[in-house]
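Okay, so chain A shows up in both of these, paired with chain B first and chain C after.
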Partner chain A sequence: MSKARDSFLRTGFVHVALIAYTLVSLFPVFLTIINSFKDRNAIFRAPLTIPTPQTFSLIGYETVLGQGDFATYFQNSFIVTIVSIALVLLFGAMAAFALSEYRFRGNTVMGLYLAIGIMIPIRLGTVAILQGMVAANLVNTLTALILVYTAQGLPLAIFILSEFMRTVSDDLKNAGRIDGLSEYSIFFRLVLPLVRPAMATVAVFTMIPIWNDLWFPLILAPAEATKTVTLGSQIFIGQFVTNWNAVLAALSLAILPVLVLYVIFSRQLIRGITAGAVK
Partner chain B sequence: MGSLQLKSIRKAYGSHEVLKGIDLEVKDGEFVIFVGPSGCGKSTLLRTIAGLEDATSGSVQIDGTEVGHVAPAKRGIAMVFQSYALYPHLTVKDNMGLGLKQAGAPKAEIEDKVGKAASMLSLDPYLARRPAELSGGQRQRVAIGRAIVREPKLFLFDEPLSNLDAALRVNTRLEIARLHRSLKATMIYVTHDQVEAMTLADKIVVLNAGKIEQIGSPMDLYNRPANVFVAGFIGSPQMNFIEGARLGDSSAKTIGIRPEHMALSRESGDWKGKVVHVEHLGADTIVYIDSEQAGTITVRLFGEHRYAPDDIVYATPTVGSMHRFGDDDRVLA
Partner chain C sequence: MSDALSVQEGQPTARRPKRWHILVFLLPAFLVYSAVMILPLIETLRLSLFNTVDGQSTFVGLANFQTLFGEERWAHDFWNALKNNVIFFIIHMCVQNPIGVALAAMLSIPKLRFVTFYRTAIFLPTLLSFVIVGFIWKLILSPIWGVAPGMLDLVGLKSLFAPWLGKPGSALVTVSLISVWQYVGIPMMLIYAALLNIPDEVIEAAECDGVTGWSQFWKIKLPLILPAIGIISILTFVGNFNAFDLVYTVQGALAGPDGSTDILGTLLYRTFFGFQLQLGDRSMGATIATVMFLIILAGVSLYLFVIQRRMRRYQF
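What follows is the complex of A and B.
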């Protein structure tokens, strides 16, 4: 933005709006984190104050970590999220490449068919999915969750990636063909590195709903060994008594991994290496 | 090594025919250039030769072998693209060596060939760099180097100079001409720039709307255009076309005279007219005249001349420089 065109007032308004939005979005996270470090009475008496030496307490974290199973829950969440992202990216990118690169009968129809998944929520099929999983003997396995999440993430991934792949220069792919690269090498070695920023975007969009999901873990894999963090935290929420310290501590801990993954992916967003490939 | 035969090549996208029966023979060591306006099918033809597009019908033979079902990498060709199409994640050296590496050549041989090509194109100092760290001209040289390393039977160039600026374009043009002399390889080159075509080619193929209009040496096309299209396409400024009837020649539908084949005088001449516009280019002066007999005509004079709009002038065509075209737009004997 050039200075000549922007008045002080206008940039001021833009910043006020952005700061306000930032505060609104960060406030619940902030509240969760500060309250997770307080004792039970302080949480209810003064929920908006930061922990003081009198009210500071790690009881929530002690409960969560002392529960023992939480390491397993985290591990489950991690496995499900990472494997699902990997599968969504791999199959999504391959389908997108086929749709954008090859002319075949029914190309457009196939693209539309794959995009319909964006519009229809996968939860509508819960009963059928559950029946299917029961029949396949996959209930209470992480595989069940991974399969469902991969299916859930694919439509958006294919939609976004096929748009990006159309922008990859045909000349580059053709140069690869003349140099004797197979279609697989063209895909993995030429095209994928060039759409890395788009892959990162897709990874972030895929990751967050999976990590936060409560529905499918509850239905498909509620066993102790396959619980995810989100489901695991529910044990502290009872019908009559809720262990708020533990809930807030569990939620604060659950933010961390997702934050780390986000940082990893967002670095990819910035690092474009297309410059210099073609004009 | 390095001849090419095309026999009635047709290419259609659905019902839209892009190539309408192309027959062409390219001899070993020839430099052949396809020219034509945008959308005439010249790039499609080149891609068909490369195997990047399949012809709908017809046969492509390289060195007498039918290559219709041979993969691009196995056809013994190399291609240089308009957008360079370098692999962004590989160094210059790896870019140039990838083709050989894929073909399973031993490391020492790759080193040797890449080294030779790099010194031929003075790319030695840049071998360890990536394409992003090179200028446009250097990138195009790498792209040419990548083609040389493969030692192909056939070099294919797809508008390789279009992305370069004017000065670099001349340099790279000279470089390509020099390469052709030293490698003695068969080259096929696509361009819409007739200067490139005239300066580089042994043989020019003029294409229009998916058909070959004329094949010939640059001077053939300039001196003996076979039809109105070629006459108008080759030469700049464009040839003047005058209706035959206006000049009292009832046997020819159209008469063509090149702007440089006319003399201009203030006193007397064949066609009287008024100057509409003058362009001073230093070496040339281009005068646009609205004449009574011949309509609007362009005259190209060598050197500087002091004409101004609204001057009354007389234009006279040089004897024997007229091209006469019949009703079918083909040249009359």
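What follows is the complex of A and C.
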């Protein structure tokens, strides 16, 4: 009896704690979105209430959509993020496999060399990167951003993926070899499916800094045609600092694609964790 | 490496023909990484030993470092930024990571309901950009809007409210906590994945021995997720010592008020590219970048060669 009650109390306590933290996480976002639909007076007089028919207003969104070219910004961010993640996952998994699977001369040195990038922020090399991009005529192209983000994401991807690949059973791979599979098929058909949860994790960690980066778009691709949504909204909000309707609407618009991306990716992450938990 | 033995089995003889597949697997990552990351970094480190003398780039040895540590104007800014950066890191380690572990431990309780919802919601801020997070919190904490004092008023603590971001004494802590709010999802997710990877047999065995609840977490699960906590700590260290964006968005490039939120990243930015009346100085920028590099190198070496070596790797 008392044990069951204890466990009930404990579950209750856990829910209370989790709900409390969930509120802390969501409240600022929620607050921004509800206020973006109100007129200026209501934003200041009653910031905590949801918009009513009297206070409802789209003036902020009208300002934003009339001024900034957000469709292009979104498109640029999507292209850069998706291509970079694909390259990081493919190249990173290949390198991680080579490092964790084979013993060859220079393995440790190569592993350390590739791990250097985890600790060194690529930002510290910005001036030389800019010089290189100027020389290669890649300034103000999305290619420049994709190259930088791929290089930035690779070290951590290789680090995490090789940790996971060490846990893939050798018997499985050797069974594949006995069945005559090439090393490439072993990698693509046996190992990759098994490390899917790790790939999902890497994808998340790669995606966040790329989508949110302000620095490299500002330096390498500040042109109107190649602006990413982060840079676009930073500049836009900077211009409209005192127009609270426009600022709140711009923030809400910037949150929107992240929410959509998150719904897509979180389903995949959950599938990865549940299906891939190889026991 | 501990798995050297098992790997050897896959390689019958040393005289096997050249294994080209290893090269194919490694080459793409190696090329992109070397060309876009390592070479520019080496070039930057090299620049820290050069300065412009009479309009020409000249090798000056460690003179730039002497200026940075010794000349009053530079030294004041530098030590201030370094001190703030250390505080920034300590707040993350003491607030972000324990909260992350606690949340993950609660989420991994078997048969708990709404786990997906909690996890999704708590991870959301991590995905938002600094631009969004910075501006949202600036608005919320702004005395003009009055959301923060209004909410404190609801619980009768209105007297506690102050323009935290505007006061030199509290600005750094406030910015750090905003950053913690944003990034708590990362330790939570990593620890959560590590906890899920603990085999059921281990937990069942513990339960058979009567180890449940709190003592199960402390004695069984925590030791098993220590490697994950190690990874998180080093990720936090590296992330904090090259942080820039949030301070830049919330407090501007001058990292006000009165330099109280200035960290190495913002100092580097102002030095490198210049700000307002200050002209950009490439050599001093490279020098600060080199110092940041050395700090981060020291931390990571400590992790790799001391902490990680001591940590037992549990293989199932």
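Note that in this section the second predicted complex is superposed on the first by the 228 of 279 C-alpha atoms of A that agree within 3 Å, B and C clash if a C-alpha of one lies under 4 Å from a C-alpha of the other, contacts with A are read in each partner's own complex, and residues count from 1 in each chain.
Basically, contacts are C-beta pairs under 8 Å (C-beta built on N, C-alpha and C of every residue); 3 or more make two chains touch, one makes a residue touch a chain.
Please read all numbers here as calculations on a predicted model, not as lab measurements.
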item: Residues of chain A touched, compared between chain B and chain C (which is higher); value: C
item: Touching partner for A:L9 - first (chain B), second (chain C), both, neither; value: neither
item: First (chain B), second (chain C), both or neither touched by A:A135; value: neither
item: First (chain B), second (chain C), both or neither touched by A:L251; value: second
item: A:L194 touches, of chain B and chain C: first, second, both or neither?; value: first
item: Partner chain in contact with A:Y102 - chain B first, chain C second, else both or neither; value: second
item: Partner chain in contact with A:N174 - chain B first, chain C second, else both or neither; value: both
item: First, second, both or neither for A:W211, with chain B first and chain C second; value: second
item: Footprint overlap on chain A, comparing chain B with chain C; value: 174, 177, 273, 277, 279
item: Sites on chain A touched by chain C in the complex; value: 10-11, 14-15, 17-19, 21-22, 24-26, 28-29, 31-32, 43-44, 47-48, 87, 90-92, 94-95, 97-99, 101-104, 110, 113-129, 131-132, 147-148, 150-152, 154-155, 158, 166-167, 170, 173-174, 177, 182-184, 187, 197, 201, 204-205, 208, 211-212, 214-215, 230, 233-234, 237, 244, 247-248, 251, 254-255, 258-259, 261-262, 266, 270, 273, 277, 279
item: Touching residues (chain side chain C, partner chain A) in the complex; value: 3-4, 6-11, 19, 21-22, 24-26, 28-30, 32-33, 35-41, 43-44, 47, 99, 102-103, 106-107, 109, 112, 114, 116-118, 120-132, 135-137, 139-140, 145-147, 150-151, 181, 186, 189-190, 193, 196-197, 199-200, 213, 238, 242, 244-245, 248-249, 265, 268, 272, 282, 285-286, 289, 292-293, 296-297, 299-300, 304, 315-316
item: Chain B - residues contacting chain A, complex; value: 47, 50, 52, 71-74, 77-79, 81-89, 98-99, 102-103, 130-134, 136, 139, 146, 150, 158, 163
item: Chain B-touching residues of chain A, taken from the complex the two chains share; value: 169, 171-172, 174-181, 189-190, 193-194, 273-279
